[in-house]
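First chain written, first letter: the chains are A, B, C, D and E, and each begins at residue 1.
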Amino acid sequence: MTDATSQTGRSGAQPRKSLHVTDARTRRRNAAEARFRFYGAAAIAVSILALVILLTSVLGNGLGAFRQTFITMPVALDAKVLDKSGTGDIEVMKKVTTIGYAKVIEKALATALAEKGIATDGLTAKQISGLLSQEAAANLRNQVLADPALVGQTVDVKLLANGRVDGFFKGRVTMDSAKLDSNISPEQLELALKMREAGLMSLSFNPGFLFGGDASELRPEAAGLGVAILGSAYMMLIVLVLALPIGVAASIYLEEFAPKNKWTDLIEVNISNLAAVPSIVFGILGLAIFINFMGLPQSAPIVGGLVLTLMTLPTIIIATRAALKAVPPSIRDAALGVGASKMQAITHHVLPLAMPGILTGTIIGLAQALGETAPLLLIGMVAFVREFPDAPPEGFFDPASALPVQVYNFTQRADPAFVERASGAIIVLLVFLLLMNAVAILLRRRFERRW
Amino acid sequence: MNDMRIADRTVSSDTAKMTARGVQVFYGENHALKDVDIDILGGTVTAFIGPSGCGKSTFLRCLNRMNDTVSIARVLGEIKLDGEDIYDKSVDPVTLRARVGMVFQKPNPFPKSIYDNVAYGPKIHGLTKSKAELDQVVETSLKKAALWNEVKDRLHAPGTGLSGGQQQRLCIARAIATSPEVLLMDEPCSALDPIATAQVEELIDELRSQFSVVIVTHSMQQAARVSQRTAFFHLGHLVEYGETGQIFTNPQDPRTESYITGRIG
Amino acid sequence: MNDMRIADRTVSSDTAKMTARGVQVFYGENHALKDVDIDILGGTVTAFIGPSGCGKSTFLRCLNRMNDTVSIARVLGEIKLDGEDIYDKSVDPVTLRARVGMVFQKPNPFPKSIYDNVAYGPKIHGLTKSKAELDQVVETSLKKAALWNEVKDRLHAPGTGLSGGQQQRLCIARAIATSPEVLLMDEPCSALDPIATAQVEELIDELRSQFSVVIVTHSMQQAARVSQRTAFFHLGHLVEYGETGQIFTNPQDPRTESYITGRIG
Amino acid sequence: RDNIQIAGSSTVLPYATIVAEAFGENFDFPTPVVEGGGSGAGRKKLCEGVGENTIDIANSSSRIKQSDIDLCKTNGVDEIMEVRIGYDGIVFASDIAGPDFAFTPTDWYNALAAEVVKDGKLVPNTAKTWADVNASFPAQDILAFIPGTKHGTREVFDVKVLEAGCKASGAEEALVAAKGEEDGKKACLALRTDGLSVDIDGDYTETLARIAANKNAIGVFGLSFYQNNTDKLKVATMDGVVPSTETIASGDYPVSRPLFFYVKKAHIGVIPGLKEYLEFFVSDDMAGPEGPLAAYGLVSDPELAKTQEAVANETPMGPLN
Amino acid sequence: MSIGLITLIVLGLAVLGFILGRQRALSAVGGDPRTLHSLPGYYGWSVFLFTAVPALLLLVTWAFVQPTALNSHVAGMIPAADVASYGSTQLVMADVRRIADGLDAVARNAGLDETGLAALRADLTDMRGRLAEVGVALGSNVAPSVLEAAKEYRSLSGTLRLGMALAVLLAALAGLGFALWRIDPRQRARNLVEQFTLVLLAGCSLIAVATTFGIVASLVVESVHFFKLYDFRDFFFSLTWSPRFGGGSELGLWPLVWGTLYVSFIALLVSVPVGLMAAIYLSEYAGKKVRAFAKPAIEILAGIPTIVYGLFALITVGPFLRDWFAQPMGLGSSSSSVMTAGLVMGIMLIPFVSSLSDDIINAVPQSMRDGSFGLGATRSETVKQVILPAALPGIVGAILLAASRAIGETMIVVMGAGAAAKLDVNPFEAMTTVTVKIVSQLTGDTEFASPETLVAFALGLTLFCFTLALNVVALVIVRKYREQYE
């Protein structure tokens, strides 16, 4: 029953459309499509652009922190000054304070300058020694106490230069600004230039920034991130070990097992609400529960880790629940149909499919936890901590700082040299974050699939 | 192709494997199944026929409590397996489903390899002792489901990358790999060509010697070919249930007759 | 039920709506379709038959470039619609798919209401001017797909809550609501009871007056009933293509004959 | 616990860290842990009770309040030692490239107050430039960054600048006349709300950054902060006096305040090194006029000797007067 | 034996139990796992649980109870006079513990044995000096009673520790034995293990609830103090926020709430479209390589400390907006503004929206896309009309998370929007948020027991209730529009 007439009629009434000729409506739709796609690309571009801008400013400011100006010179460790008893008894030697060592260094610097034939006219002794960091004496003292046999010898030592001098070589301080600066004079900078020419002074990689403790405002050049890195690492360890399993477990329960009733609705709303609780409130909670009630110590990574865990949990739970919800029910049916228990269906099939979402939640949650300062404010971690915590698990209870705290502290300090260190600390924090998340990112890529 | 031969009908009706009494199912407000009484006999193939949307799948899913997973579904009535109420509190649906296997209407392979799809059931039920034995089970199941030749070279390719009919057979293989006592098959041959259909029908007949099989089908010929008993559903009612030969040759209810002769749908 | 009547076969072969030349498809390493040449005629129903996994769906998906969405699929060769290469760079697959509609093998209703499922196509193509007109289109489409009676009271219930066969008809309704020039149907009746099948076949016959229809089926009877031309695929090859009557009564290739008489699968 | 724990004012924090650092270097005791967190929170923590998990010392930029002492009492902290470590100068500074200013409290009052006296009448403040306030000033837009109300510095600013200016300009009289004794005095502290006076809740670095972004602004800083940034900031005189450690110690420069820390006496002799730390802090080597604290900007207390004696004797503080 | 060691031993026993249990189950059925009710591994796990869980619970309880008991026992030995000289029992006990810890080192250092240690007399030896030698610093000399207490403490804690080890190990062994004995082919080991796991899962979700209780409890107490000092009507109904240092402040809530809403709104206005479009682009358009790079890159935005954003707002964005928008449009000349903070915060929040949404969008089955493409829909139509509705619950979750972060953020607001509370609609005016004020009032120099500080708790509590209401609304919306696929 071919209907030839209707066919010709149709082709007569309606001219043949070509695939290449699009009608107005299709053009509009295609334009909408192109626009949509462009918006998407633009959104990516905007995000990446923002990232690039932020990163360049951080890198531009912070890379300098990894290099530092050092003064390398021979120092005669006078036994008469440093070991008054002459017995090499360490207890006696400890009586010599950093002030005594500062004098030794001062003398050594004068000698070194004289030896190189650098004139120091017009500069007082205080101004000359002002080129050195106040940390130098402490460094030397530690060196000597660690190896008392050095006393009486002349040793080559590498000492930190003052932050302003360092700033001068990094371009932060100029002759003009030095004129106005009450902490350094252009003459001192001239001297520093000469010292550099003579090879006494040089910029080199500064391991102290990564491995040293914090320093006070008088010696920005000595401030390091060691304690903060350890503190952050301890806290992240705690957060990862607690938040991920607990978060995933709670989500599984709520999404898959909990009866759907008013109570679980309440819990659900409650969890999303927890995400909206300002982080400082978690600090209040931590102070009340972990420190005042449970008697855990102040400023300790264990408390910080627990508080951050509670803070990260909602993020991980929300992400995981969303991911679990997105797994099509037919997959669950298939597993149940062959006699798998609900638990098996979930662990064997649903979780692997939800894994990308779970990992994303983890990545974002950890990023948030790693960068958070406000809750730490109330549990004593926003502090000046110079002593390194022990190895875990005891170290979890020792005072420690954290990377974002260090950033926060650095930005509050008066000396402009801390600006560079704050950015340096941010770089370290970001590297830390990337290292921490690299595994999750790689894993997520493996688990991503369409069905 | 005009195959209306009636399978041989030696059925001892006292070996009821599963019994359903007064089963009703509601999907929210929608009363999908109304007061169904039925006995599924052991060692028998039972066919469910009826127009689309009449409740065949719904009833099938009641038999191994798959409806538990549909949040809006509500099941009333009593269903017994070997005399035990399967909706009893103390019954573990997992054990139940291990004994009452199911092939779904829409093929739903796991997003895993073909091998893993079939091996999953035996693995979780501990049916095999060694890898070799498991390989054996996978191979036999795939062979029985008439899929082995097509996939033997790509056992580790994803099951979701198969053609529609292949997926359907994969799901059959997956279900029989766990050797359930009762096998529920929801239109297992809908996407299969005649030869594959014949092979699956052969499989069903073979299974019957040990298990009960319930099969939903839209093909009257198929029902006639493979089943010993047939149930006819219509608009949520079980209209007629009896020996296949009798249903097809001598239906009691006028609706059955109309359906079989192609007048109502 | 023994229906082998051959539809009347007056086809003017010069009105080729679509032509395929040397089409090859690879899924990764897997060479799924090998060198297929075929002409789909205008105003004709073409049936694709062949054992499961032979490449029928794959070829169907080539005809409206649905294979573009399978990342591992690679299509070679040339396919033309009204003389224009559809794989040409300048061709917009969207326009193509609006003209070449498709019903998938696995029913895939959108997670929307039944109404929205059907109204989706007309809406995006701007086929209707008013809400009333849209309602009209939805109703006609559902009626044509023989689903109207079952769903008219719950048009705003989700399409995913339908039974398997209902979903299949919903997908048919969704596809015809956009009135494509060529309609590709992948086993549209696999989950349908005989009466619904008959209604859909009637629909196909009706559609033929204006459009070309390509239908994949496993039922030889159905192919014989509705199609004017039949193509037989086997292991990725197009073995034989010709008038339905000729293919069924006088196949040229021994493989075709074996398949039709039920010997290879 | 082996280390000393200190918390409190962020103004005292830098001094405390300098001492803590030197203490850790030269003594066998571990370096104390010094927290910021604000004077109020520090004193609260101090008064939480006696014992290992409470802090030993609270830094404070203002004197302890009776409510804190009461809290201490209820929690069993009976004896507290008060140690005054010196004075903090508060200076007004603007961008280094800008003009010089010589302020009096009256100028500040007239620039920032909500209501000022003009021609003997109380009127809402409409001054837009400094020249409007005082004809001798350049016509630079008024924009002042003053400490937020959370800061102890704000209290000093209120009392020593605004109240003084209020009185001197005659506004207090007019306000008291208009609103009564109580409310009138309070009204002296009411600032204009049109955005020319900006509260800074952050720290001095934020103020500095804001000045970098708004070159014509004037900010309030601590003396030590200014001394570290003399290349970026230009300091203004107050009542004709240039702020410096000397002028503040002598009392010539009016805007300054004492800094304290409070020690829980019960912890002395229990927490290792606590006594040594206290003595080290107030020693001439640290807190004296030549010591590192002074070098950093702390105005050394002329009565340091008295403090040293009190620390040596572990004299607890008497009731507040 | 340290707690860590005991834990390890218990876990070791549990592992052993696992192996034995598994084997026993298998041998009970002659090595044929088919006749077992559950997989052999489940029998192993059930033994593992019976061994480890009671023992570890005992360990934890013991570890909590022992110090308290020991302390009260030993504290009783010290005369009241000595306690008084220390100030409090707690402080004496701190010293006692320190000395007790140090005694071991002293003994080692001086080559003393137990009797030698016992003979140590505080009034005869310079205990402080000897302890200092071994690195135990004490604040004062050691009173004789304290030394005796320390000795008692040391020996008793040694005994108790041993007792604990024995008890815990016994418990573990008993559990092991019992569980092994119970093993029977018909035992529902899987159900047992799963029941246990379920309890564990439920316990985990209770942690979230417990957190809420903790938060509310820790806020309520101080809030009550606040409302005793400050009239709640002024707090809830006044439109002025102007705290004073010395008291007499006006602490009206609304300017802060308004600021919070305004800033968060602008932040979401930036982050939701950008994040959502980024997610759509990543999952629907981008190639594998772009995706593998861009997604983690954008996530870095979430990890940059907020202080960097704050400075960015303060130094770059603020002046830019002032010079190019606010001043030319006559909307004021403030460099810190709601707009600045909102914009910058929006950037920070992009990954919260984009990454989570991307995962969810990716999880929508391909057949949905196919269905839409098959009807001739463009990609954007598919995304907008099919995929987004299907992914809605997840996306709403992501947006809520972003909103939550926006509400909770301080540093960006302080530096970008300023600290002045104001009720204004001009987005180029400085304003501030609830959270900022919570932080600043809590960390300020005002006395703690004043309304100026305590208001932080009341603010916290109010914000908590406020966000709770918002979340309820969000839940209702999701429920209403949720579309479940397949």
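A few comments on the model shown:
In this text, a residue touches a chain if its C-beta (ideal position, glycine included) is under 8 Å from a C-beta of that chain, and two chains touch if they have at least 3 such contacts.
Only a predicted model underlies this, so the values are computations on that prediction, with no experimental measurement involved.
Steps from chain B to chain D, minimised over paths through touching chains, total 2.
The busiest chain interface, judged by C-beta pairs in contact, is A-E.
The chain with its Cα centre farthest from the Cα centre of chain E is C.
With centres computed from Cα atoms alone, the innermost chain of the structure is E. Inter-chain centre distance (chain B to chain C, centres taken as mean C-alpha positions): 28 Å. Between the CA-based centres of chain D and chain E the separation comes to 35 Å, rounded to the whole angstrom. If you average the CA atoms of chain A and of chain B, the two centres end up 59 Å from each other. Chain C and chain E have centres, each the mean of its CA atoms, that are 56 Å apart.
Within chain D, residues 1, 28, 36-37, 41, 52 each touch two or more of the remaining chains.
Looking at chain A, one finds that residues 29-30, 33, 329-330, 341, 353, 377-378, 411, 451 touch two or more other chains.
For chain B, residues that reach two or more other chains under the stated contact definition are 94-95, 106, 124-125. Taken pair by pair, the chains that touch are A-B, A-C, A-D, A-E, B-C, B-E, C-E, D-E.
Those residues of chain C that touch chain B in the complex are listed here as 1-2, 4, 27, 30, 49-53, 57-58, 72, 105-107, 146, 150, 154, 161-166, 169, 186-187, 190-199, 218, 220-221, 259, 262-265. Against chain E, in their complex, chain A makes its touches with residues 29-30, 32-33, 35-37, 39-44, 46-48, 50-51, 53-55, 57-58, 245-247, 249-254, 257-258, 265, 267-282, 284-285, 287-289, 310, 313-315, 317-319, 321-323, 325-330, 341, 343, 353-354, 356-357, 360-361, 363-364, 367-368, 370-371, 373-374, 377-378, 393, 404, 407-408, 411, 422, 426, 429-430, 433-434, 437, 441, 445, 448, 450-451.
Those residues of chain B that touch chain E in the complex are listed here as 92, 94-95, 124-129. Residue ranges of chain E in contact with chain A, taken from their complex: 4, 190, 194, 197-198, 200-202, 204-205, 207-209, 211-212, 214-215, 217-219, 273-278, 280-282, 284-286, 290, 292, 294, 296-309, 311-312, 347, 350-352, 354-356, 358-360, 362-366, 378-381, 383-384, 391, 393-394, 397-398, 400-401, 403-405, 407-408, 410-411, 434-435, 438-439, 442-443, 457, 460, 463-464, 467-468, 470-472, 474-475, 484-486. Within the complex, the chain D residues that touch chain A are 1, 3, 5, 7, 10, 13-14, 16-18, 20-22, 24-26, 28, 30-31, 33-37, 41, 48, 52-53, 55, 96, 203-205, 222, 224-225, 227-232, 285, 292, 295-297.
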